[in-house]
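In the two assemblies presented below, chain A is common to both, partnered first by chain B and then by chain C.
Up next, the complex of A and B:
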């Protein structure tokens, strides 16, 4: 088991190295002089520019710059935001709680909703229930997230006034959580349904039926156990996507969070923040994937020896 | 003209999987057929509307003050007008000429580069495969939207960069499928026969591997056009894609956002159009999958 975990962890190294290199190159590949971005159009003497360049480390040879970047990144030091002059780590730390809140709530909605729809469809395949559940799933996958958000805001926030659309607290989290979870609902529902249908022909299902168990018990206790695999995958992916998933939701609802921060920093060309978020997101995603693999290995010993 | 080896197709579609599975497949096939036809018709309408936009649209899409600003849908302006008094219906028609081609072009980038990578890795094997699979795995290791955002962060916003960003982000998914298919095809007797008569690897790939790998590529590409259109509109909505005043659907939605309370039609119609188009593409893709490549079902 530990060898299996180790093998999975080894796999993260090349991805993280490439991610670090990409993050490093972002500031070097952009057209123009990064110092101009730092000055954001203000005039400055050549002396000041030289100082700024030294501060960014741009006056050193490229390999030295890279080593400097990696060593500092490992310590969580991504320099200072071009926009505010705050340390990047501080900027991110401020936005993290809001993102985690959204991800947590969205996760509950997404996994809960997806499981419910998938099980309902799997229990009664090719019925109206199945059709309705799969239609909802298709809507969840095909509907643009920002459009779901705007429709929800319009109807439940503006027209009916049931939920607040701005501000903090749990009520204001409801709609964002639904939007955040909508994609997971759709995907998960389809996966759970097809896994339930796939295991229907297995011997142990026939045995369970032969014992005279009720169909519901057969599905819930025996078929669903195998249907839980996609849930594990989806869980891991959602854990890793909490920044990316927040990009749309946070922007539409004008919420704080890392996704909104990423969009703003790309638009304002605040590259130190972009670099840090890029690395952070990728690392979260990669480790979430490893976690998924490890959990798979625990549930299903066969996987470990492949 | 590509010719597909009937042998490989037969192997793919055949294979007894139990009477129940067969019955289920037939049932869903029959069930899906009318829906898929309907989806194809809807998609066809969107495409025709895009092509005939200059003829069909009642106003110039960028002409301001074609009527009162923010006027609701009515006989003069079917979908209402925006804050500059531009006709929303005309802008949506012309928007299809932006959003659809971007989706198709982005997917072409993914298909061509992804297939190249996948074919090389899967068919040539050995060191090429080690490197190729490594590249695919590393690219898959990135969260999908981050790859696109990273490219936008470096290249900046605009139509061309959106195509590149979404296209490159899709490469690893195509490469993985194509590599898997190429690996399977490599073991067939006709490839061995081709080798025996001295065909080069390039010729084997071009004449034998590629045509047989096409069905899964076509299915995946269709489904990806839908998600590419969705991603394009999302980037536009975030302000990171096509820039106003170009009438891209997502960009228009974002422009209509601040008037949601007073002019909900500005967000209703563009979103509806994206939604309908993407659903139609997904349904057509699902149908193609059922017809062309049953192995991919449920994945």
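Up next, the complex of A and C:
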């Protein structure tokens, strides 16, 4: 098991190297001069542009820039943000807590809500409960996040005044968490429902009932455990999404976060920040995959890694 | 000039005899004003909802009018240029142009301290300007505002002379800019370094920096030692506001909702469609700035078919009913613009209002004359080719769609392409467009150099703003002349010639004055637009 994990983790190294190299090149190949974008359309003189190019190291040839990037990245130094002049690690560290908060809260809402709706729908198929749960799931999947966000802000922030719109603290996390989790709610609810319907007809469920087990035990221990399998896969994918997928939620609720940082940095071609963030996102995806593999082994005794 | 006890200069008369009047300015005006507005709360926090995130708070580095909103509450410049177009003493009590127009000598206030407790002296002025031109700083805005800057001489601790290599007509306007050429604390810069200073700014202004959380807010608090406000404020001494918070809320709807809910006191850039509602709701009001500088304008490429033909360019300009189009898109929030600089900009020539007013018959005639005949579907053709004009839009796609409909009437097919900034830059540098849009907030008419000087024609690898790609020695000569004309009357005459010239050659079609619609809670009083009508100064404000 541990050897398997170790091997998986070692594979992350080439993945990260390829990802960062691609990021480095693609950023520089797509049109747009970082200095122009930084000046955001301002008619600056050639002197300003020259100074900025020199300051940002953009006047060096591309291979030299790449060598510089790799040598420093190996030491964990991703340079300084073009926009703010701060070390990239610091820029990311400032935004990370808010992202983790949102990801954590969104994960809880998404997985919790998805499981609850899915189980309810799976246990009472073709009833009003099922209908309501699947309708909510449909909304979660198909409505764009910003639309859900605007409706929530309007009703719960403005009309009812239950939660602040842009304030800080835990209450201000509720709406963003719901918006962020809504996609996961929808996806998981459908998946769990069909998994439960699948396993309900299995022999071992009938056996469990025949043994005289309580319905609660049948559902939670026997049905759900097997139904969880596809859920774990899905959750792993969502975990990756949670790292950089907060753009809309972060923007609409005026929150800090890596998603919005990534988008702004791409649009302004803030190379150092984008490179570091892509490295981070790639690492998060790879790590989430390894984690999923490990969890498979835990919930399913049939799976053992050599 | 000082009949009401307040020193006032029209910018037309600033060259001679400012000294005596300046002496009478500060204290007297202060005593008159201080009695006025001391009844409101002194513990209030004022929260401004800002639509864009910040990258720096160093006035020497920034180029962003959004960052300016925070910077100008904490920093001050040598002179105060009010929205009435007059200069008032600020950190400098008086100033004198040298005879050759290449130097200005400033007598500085002696009682000003930076937020870090160090005194404001001539050395700080020299330090600020000298560091701005240091390439290592990477100045994005201030360095251009210094113009042909040569040096600063410290004559004594409170007298300083700024020198240029040639006469610089924009000098006073630029030096009065409260967010680009405002004075920084040399001690703080030396202690923190340039990057550190950008995150812990130290100036002399009425508010002191407290905290900046990127993407969330900038917090400032009252400078209790402050007693050197310029006379146009109806106030002296420390501000009535205890704290000022700039809350970053990029999404328009969220920002307006936050104002409705009372989570912020002021909302910048209210979407035009919300303006009427906010103005009509209880407890809220709007103020709308008619921004100075270059209006939202179409620059027409003179080097690419079919707009290389003057008649086509002029027909385009006659075909658009500006008041109607602007009303459709802005619901009365923006005013139509007729000239390359807006009416609130010094040097504005009102003659532009009679040029190229809506005249579809004339537009059709011009196109007929140019050989473009009405073809099937209403689009004109010539030698089998349709009259298609390629329009790239980044700033205001909604407006351009309205324009598209307007010119269709005279047989022009306007292909409006929505582009990203990066794509726009590429197309501009390679000349692959007929029309593009610009607008620029500026206080000095020298802003006209940007779209019209021949050396600003874009080329591959060289992103510039002369998008009409029109280079003429005559226009260059007029622009250069205006840049060096320290005498305002003479300069205004040259500027009038320039404004007429660029319209008649069909280089630019001005569309509307940029509006800055600001919504606020009625409890907030005495908000004041800064020069240029974009940012708002909080110093004189109070909350009931």
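Going forward, the second predicted complex is superposed on the first by the 238 of 306 C-alpha atoms of A that agree within 3 Å, B and C clash if a C-alpha of one lies under 4 Å from a C-alpha of the other, contacts with A are read in each partner's own complex, and residues count from 1 in each chain.
The criterion applied here is as follows: a contact is a pair of C-beta atoms (placed from the backbone, for glycine too) under 8 Å apart; a residue touches a chain by one contact, two chains touch by 3 or more.
Note that this is a predicted model, so its numbers are computed, not measured.
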| item | value |
| --- | --- |
| Touched partner set for A:2, first chain B, second chain C, both or neither | neither |
| Chain B versus chain C as contact partner of A:154, first or second or both or neither | both |
| Chain B versus chain C as contact partner of A:165, first or second or both or neither | second |
| Touched partner set for A:45, first chain B, second chain C, both or neither | second |
| Partner chain(s) touched by A:194 [first = chain B, second = chain C, both, neither] | first |
| Which superposed partner A:274 touches (first chain B, second chain C, both, neither) | first |
| Chain A positions touched by chain B in one structure and by chain C in the second | 30-31, 150, 153-154, 158, 251-252, 267 |
| Chain A - residues contacting chain B, complex | 11-12, 14-15, 18-19, 22, 25-26, 29-31, 125-126, 138-139, 141-147, 150-151, 153-154, 158, 194, 197-198, 200-201, 240-241, 243-244, 247-248, 251-252, 262-263, 266-267, 271, 274, 278, 281-282, 285-286, 289 |
| Complex contact set, residues of chain A against chain C | 30-33, 36-45, 47-48, 50-52, 54-56, 80, 83-86, 91, 94-95, 150, 153-154, 157-158, 161, 164-168, 251-257, 260-261, 264, 267, 269 |
| Chain A-touching residues of chain C, taken from the complex the two chains share | 53, 55-56, 63-64, 135-141, 143-144, 194-195, 198-199, 213-216, 247-251, 253-255, 257-258, 260-261, 263-264, 420-423, 425-426, 438, 440, 450-451, 456, 463-465 |
| Contact footprint of chain A on chain B as seen in their complex | 18, 20-21, 24, 27, 31, 134, 137-138, 141-146, 149-150, 152-154, 156, 226, 230, 233-234, 237-240, 250, 253-254, 257, 260-261, 264, 267-268, 271, 274-275, 278-279, 282-283, 298 |
